[in-house]
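Dropping the structure in here first, questions after.
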Amino acid sequence: MRVLLVNPNSTVSMTAKAETAARRVARPDTEIIPATAARNPPSIQGFYDVAMSLPGLLGEIEERQPGVDAVVIACFDDTGLDAARAACDVPVVGIGEAAFHAASFLCSRFSVVTTLGRSVPGIEANLQRYGLASRCARVRASEIPVLDLERGDPAVVEQVADQIAAAMLEDGAEAIVLGCAGMTELAASLARRFGIPVIDGVASAVTFAEALVAAGYKTSKIGGYAHPIR
Amino acid sequence: MRVLLVNPNSTVSMTAKAETAARRVARPDTEIIPATAARNPPSIQGFYDVAMSLPGLLGEIEERQPGVDAVVIACFDDTGLDAARAACDVPVVGIGEAAFHAASFLCSRFSVVTTLGRSVPGIEANLQRYGLASRCARVRASEIPVLDLERGDPAVVEQVADQIAAAMLEDGAEAIVLGCAGMTELAASLARRFGIPVIDGVASAVTFAEALVAAGYKTSKIGGYAHPIR
Amino acid sequence: MRVLLVNPNSTVSMTAKAETAARRVARPDTEIIPATAARNPPSIQGFYDVAMSLPGLLGEIEERQPGVDAVVIACFDDTGLDAARAACDVPVVGIGEAAFHAASFLCSRFSVVTTLGRSVPGIEANLQRYGLASRCARVRASEIPVLDLERGDPAVVEQVADQIAAAMLEDGAEAIVLGCAGMTELAASLARRFGIPVIDGVASAVTFAEALVAAGYKTSKIGGYAHPIR
Amino acid sequence: MRVLLVNPNSTVSMTAKAETAARRVARPDTEIIPATAARNPPSIQGFYDVAMSLPGLLGEIEERQPGVDAVVIACFDDTGLDAARAACDVPVVGIGEAAFHAASFLCSRFSVVTTLGRSVPGIEANLQRYGLASRCARVRASEIPVLDLERGDPAVVEQVADQIAAAMLEDGAEAIVLGCAGMTELAASLARRFGIPVIDGVASAVTFAEALVAAGYKTSKIGGYAHPIR
Amino acid sequence: MRVLLVNPNSTVSMTAKAETAARRVARPDTEIIPATAARNPPSIQGFYDVAMSLPGLLGEIEERQPGVDAVVIACFDDTGLDAARAACDVPVVGIGEAAFHAASFLCSRFSVVTTLGRSVPGIEANLQRYGLASRCARVRASEIPVLDLERGDPAVVEQVADQIAAAMLEDGAEAIVLGCAGMTELAASLARRFGIPVIDGVASAVTFAEALVAAGYKTSKIGGYAHPIR
Amino acid sequence: MRVLLVNPNSTVSMTAKAETAARRVARPDTEIIPATAARNPPSIQGFYDVAMSLPGLLGEIEERQPGVDAVVIACFDDTGLDAARAACDVPVVGIGEAAFHAASFLCSRFSVVTTLGRSVPGIEANLQRYGLASRCARVRASEIPVLDLERGDPAVVEQVADQIAAAMLEDGAEAIVLGCAGMTELAASLARRFGIPVIDGVASAVTFAEALVAAGYKTSKIGGYAHPIR
């Protein structure tokens, strides 16, 4: 099957990283089609960036949608998820959403470790919207800017690890959701280090998108996700 | 004081109607500055239209913001509200949000009567986000397209009135929120007809914006509404 | 317009302080009509004081109601708010309620700093009743008795400031609601000191009451706020 | 043990009816001490009546409290419950509250059948406050005034029965809570007629009060129920 | 990969039907290992049956667990899900849970159509536990006993279809979750007939289990799902 | 009346301790009938133990049910409560549930102090299910294994006391619920030491069961607690 993996920001190296994470977990017969919203901001950190990215993201999705079996939006705040569903017949999965659902299958209670504090209210709003706020003990900010993750500074790993340790101790978290597409490559080693599930949104979203396609599901076209009126 | 009243869709007659509603209730010393997001779709009906309108709306707000004391977003789904708050120091008020808060001061439980069913999930999501879902008995669709409201068809009033009657009987609604900027001129006569408060978002948002300015409040600039990183 | 500002306790200096705060923000054409429930306790701290104050407060409101356009109840626990709405056709606004709504327009998440711990459960119950508990991170007690606020002890400001600092650090609060009518004069300087919105209930309630009157709204007279049966 | 059974309204025949219901279920060694708040309104129907009854009710409780082991407030809206707890060391139980808790032990989901529609918002607010709103499918008004119940009109039973039938059919209610002290004598026959638990607040409150006393519990005197400051 | 598909009841034809549904959607390289809890009741309808089935189900899981990559519990009330997670390192997915999560990716709001009314409270409790109650408009009973589904009576399809039609009309449901493993073969034709997603738990659970395995996740072994103490 | 007191684990000394606690508070005319599920695990700590205990527990209840007026399940996680209600006409009360309800009559907000962290998610799920999660500030683990309580180690009391002190300071708890049948004998002395209500589940459940019987209530036999289909 063919899965469109759209990065709503314009940083091509983040798209590449997400693509690598996607291919690592995808079925042998799944084609990952990476896309970058080239005119969008280089990172999406907070409500304003999300808003400014939407037409660029949706344009990318609509242009590449024919022939695609599912769409994954590779930004942890699930940029444009509702609008993309309205635009698509095929399933659309956000990496934030997918990570929350994945964690819900593996533990009673998880915490999220994200980048900047400014992103926390948007993530909390998403959790409430999806209904999964009661499963999340706390959304924690590591105060690492998104693009610093890209630069591979080793101090960055320790800042994330500090928040994981605190989440286990203070929040009673039984699993951790990494709250940024740029943290995808940290998940496996942090899971080994802490001995608990560390959930990556890209891996979760790609495999869940495959699952929805395999099960034969499509996006509902009545109500909120009806096709836009043109 | 100066209140920017932005219509996120491009239908100038809706801006004019909102401006009239705003001037009717504004303080004598308030200057209402109408604005229309000229390149946006003619109406905003559902998630996709909201998403496509955001940069146009935010551009309008940012261009006109200097010298303005408050911003009112004149679309009932509160298009771009979070992003506009991040972009502004002054208070930003959405007409949906304002109507829900106004109703909360006047009754225990209200219902919303909006246009198309496709807009209901977005309105419900807003109510939940604002925390006021427990005050709303039901969001009802009259199945009147936004632009039909503009044409002034008298049948339209009866479709709204039917939903109000049903809300009083079935939902136990003690007040009604009209769920579209285009319904603003119906509020007063429907309130008289049914003998209960019928809340109009434009009137609510303009007077609440004036209230926040008079009380000396500004948008918080820490956390989710911090200034965008440029 | 004419706004009745009722202090449900019998401490005249608190009425005077609230009146000053009200006049500072009221429209030029608004007449603030102060009233003190003379036979009530000198301060209202907890459920018992609230209960004992109700007939005195309602008597004051009913006597002065003719010719008034709105009523503001100047006690942070919104003493008698539901009963006053049943007794009045005009809008009735509590200062606690108004402060929570004001904060909701300005930030994602606020904390409350009130006087004694014994008042916390009542405030939390109000937040839940109004639907705004999800917007409030925490209700904090400064353990300052109400009447100590009246005496103007400078140490009192620091006790409040300590709680604000803790709310920003520990609760992720983006704005602060001051949880007592007696704190009204501290709001502006604390807002400057901490660089975030510090919300005063009196200013919020007076300007929101003006807003509701200007928009032409009245209290619903069906359901819970129907006129009492005599 | 000695249980004070206070009727917050001044209708002596309602006190007598509650006393009969209480004695029917009380332990042989329990002394039921009936009390009527003689200066209060003849019935309590909505927020205003509740408020006006509080000092009269609390005066009655405080005067008779010495030597009493528990207090039952015999009005379904739990008039003055929080304030009475602040005034007492012994357990205080409201009949509304007790009925909701009793129903929670017997079924997954119950509905309430009360008197007038104006009482519904107060009962719903109590359910939410107690945390038991999720257990209640719906609060239904039979539109029977409280004092009509006193007159023993047989039509009244059928109006209540109609609501019970509707609750079973439409709400999926597995048990019914009768929402007025004046309905106490209807419970047993309606339970037989419909074959489901029909819960009476007076019986529930008296036996729960006995239970709390037997278990050795007292009202917490820290936080919200601390003794009033005199 | 190897997925254990356990039917907690002892009806072998239901296991076979679930196996067929599983194979239809599973990856080519997935081995479905069917298992039937042979000593359990022939169907699980309500809390008592669930309880009596647990040791038999857990015994089946523990015996077959070595060498298995994931476990699917093929009963819509997610019999023993928490206990099975405590017993397993690999992911465990219930078909009820999986269906709710699948629907959450495809629509704003879904309704469930299940068998008997007695099963509704357990399903509602699960939805609340998982956090997804806010996504579900209503759980509807078709009043078809589980084993009647097995017999393939054509009237059965129409009873389910009637509830789907009602859910679309009355609940505003945008998708339907079929609330019984025995309905699995009805999903595709009902989806075509009504033009909305009709979610089958078995297909959802098998593909989500594959997804979790492919993404490399395991059940958390701290907190509630720690290994039992032996 | 006759109250069956079932210990779902096989540790006879715990049954004896619960029996002593029950007799201490029961009416003079109540016969406490102790029962131990002899083939069950020696303690129930977490989801797996709960599941494995259910048929043994239900067998015990069904065998002894004839002639019994109420059933108390003496395990704090309310093992098998829903299933036991389906199996019984008489009221069934769990000690966890009873303790939460008792605390709700005595304070605004309580905390729970239980044994191991692994039991916390199950207790939290129960609180949410019962609707009383909003009344509970926090469920705290003392990390004392159940059977260590049995051995009477004095250090154990201090570990519980430490958590009570923390709950009062950090959670604002106004009362404490002891979260294990094995803590029953600690309640009275801890209540004296800390000066707040310390709630024991056994005492609460026995007296509430007596209350439900005295009031004439039975378990609802429609919906979720309908008799099992045989």
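Labels for the chains are A, B, C, D, E and F, by order of writing; each one numbers its residues from 1.
In this section, contacts are C-beta pairs under 8 Å (C-beta built on N, C-alpha and C of every residue); 3 or more make two chains touch, one makes a residue touch a chain.
Keep in mind that this is a model prediction, so the values were computed, not measured.
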item: Longest centre-to-centre distance from subunit D, chain (CA-based); value: A
item: Pair sharing more residue contacts (C-beta pairs) when B-D is set against C-D; value: C-D
item: Same-site or different-site touching of subunit A by its copy subunit B, using the half cut; value: same
item: Centre distance in Å when subunit A and subunit E are each reduced to the mean of their C-alpha atoms; value: 26
item: Distance between chain centroids, defined by C-alpha means - subunit A, subunit C (Å); value: 42
item: Distance between the centres, which are taken as Cα means, of subunit D and subunit A, whole angstrom; value: 51
item: Sequence positions of subunit D contacting 2 or more other chains; value: 108-109, 117, 120-121, 125, 128, 134, 172, 174, 222-225
item: Touching pairs - complete list by chain label; value: A-B, A-C, A-E, A-F, B-C, B-D, B-E, C-D, C-F, D-E, D-F, E-F
item: For the subunit E and subunit B complex, residues of the former touching the latter; value: 108-109, 134, 172, 174
item: Contact set on subunit E toward subunit D in their complex; value: 117, 120-121, 124-125, 128
item: Residues of subunit A that touch subunit B when the two form their complex; value: 45-52, 54-55, 58, 80, 82-83, 85-87, 117-118, 120-122, 125, 128-129, 145, 222-226, 228-229
item: Residues of subunit F that touch subunit D when the two form their complex; value: 25-27, 91, 93, 97, 101-102, 104-109, 130-135, 168, 172, 174-175, 188, 195-197, 199-200, 203-204, 206-208, 210-212, 214-225
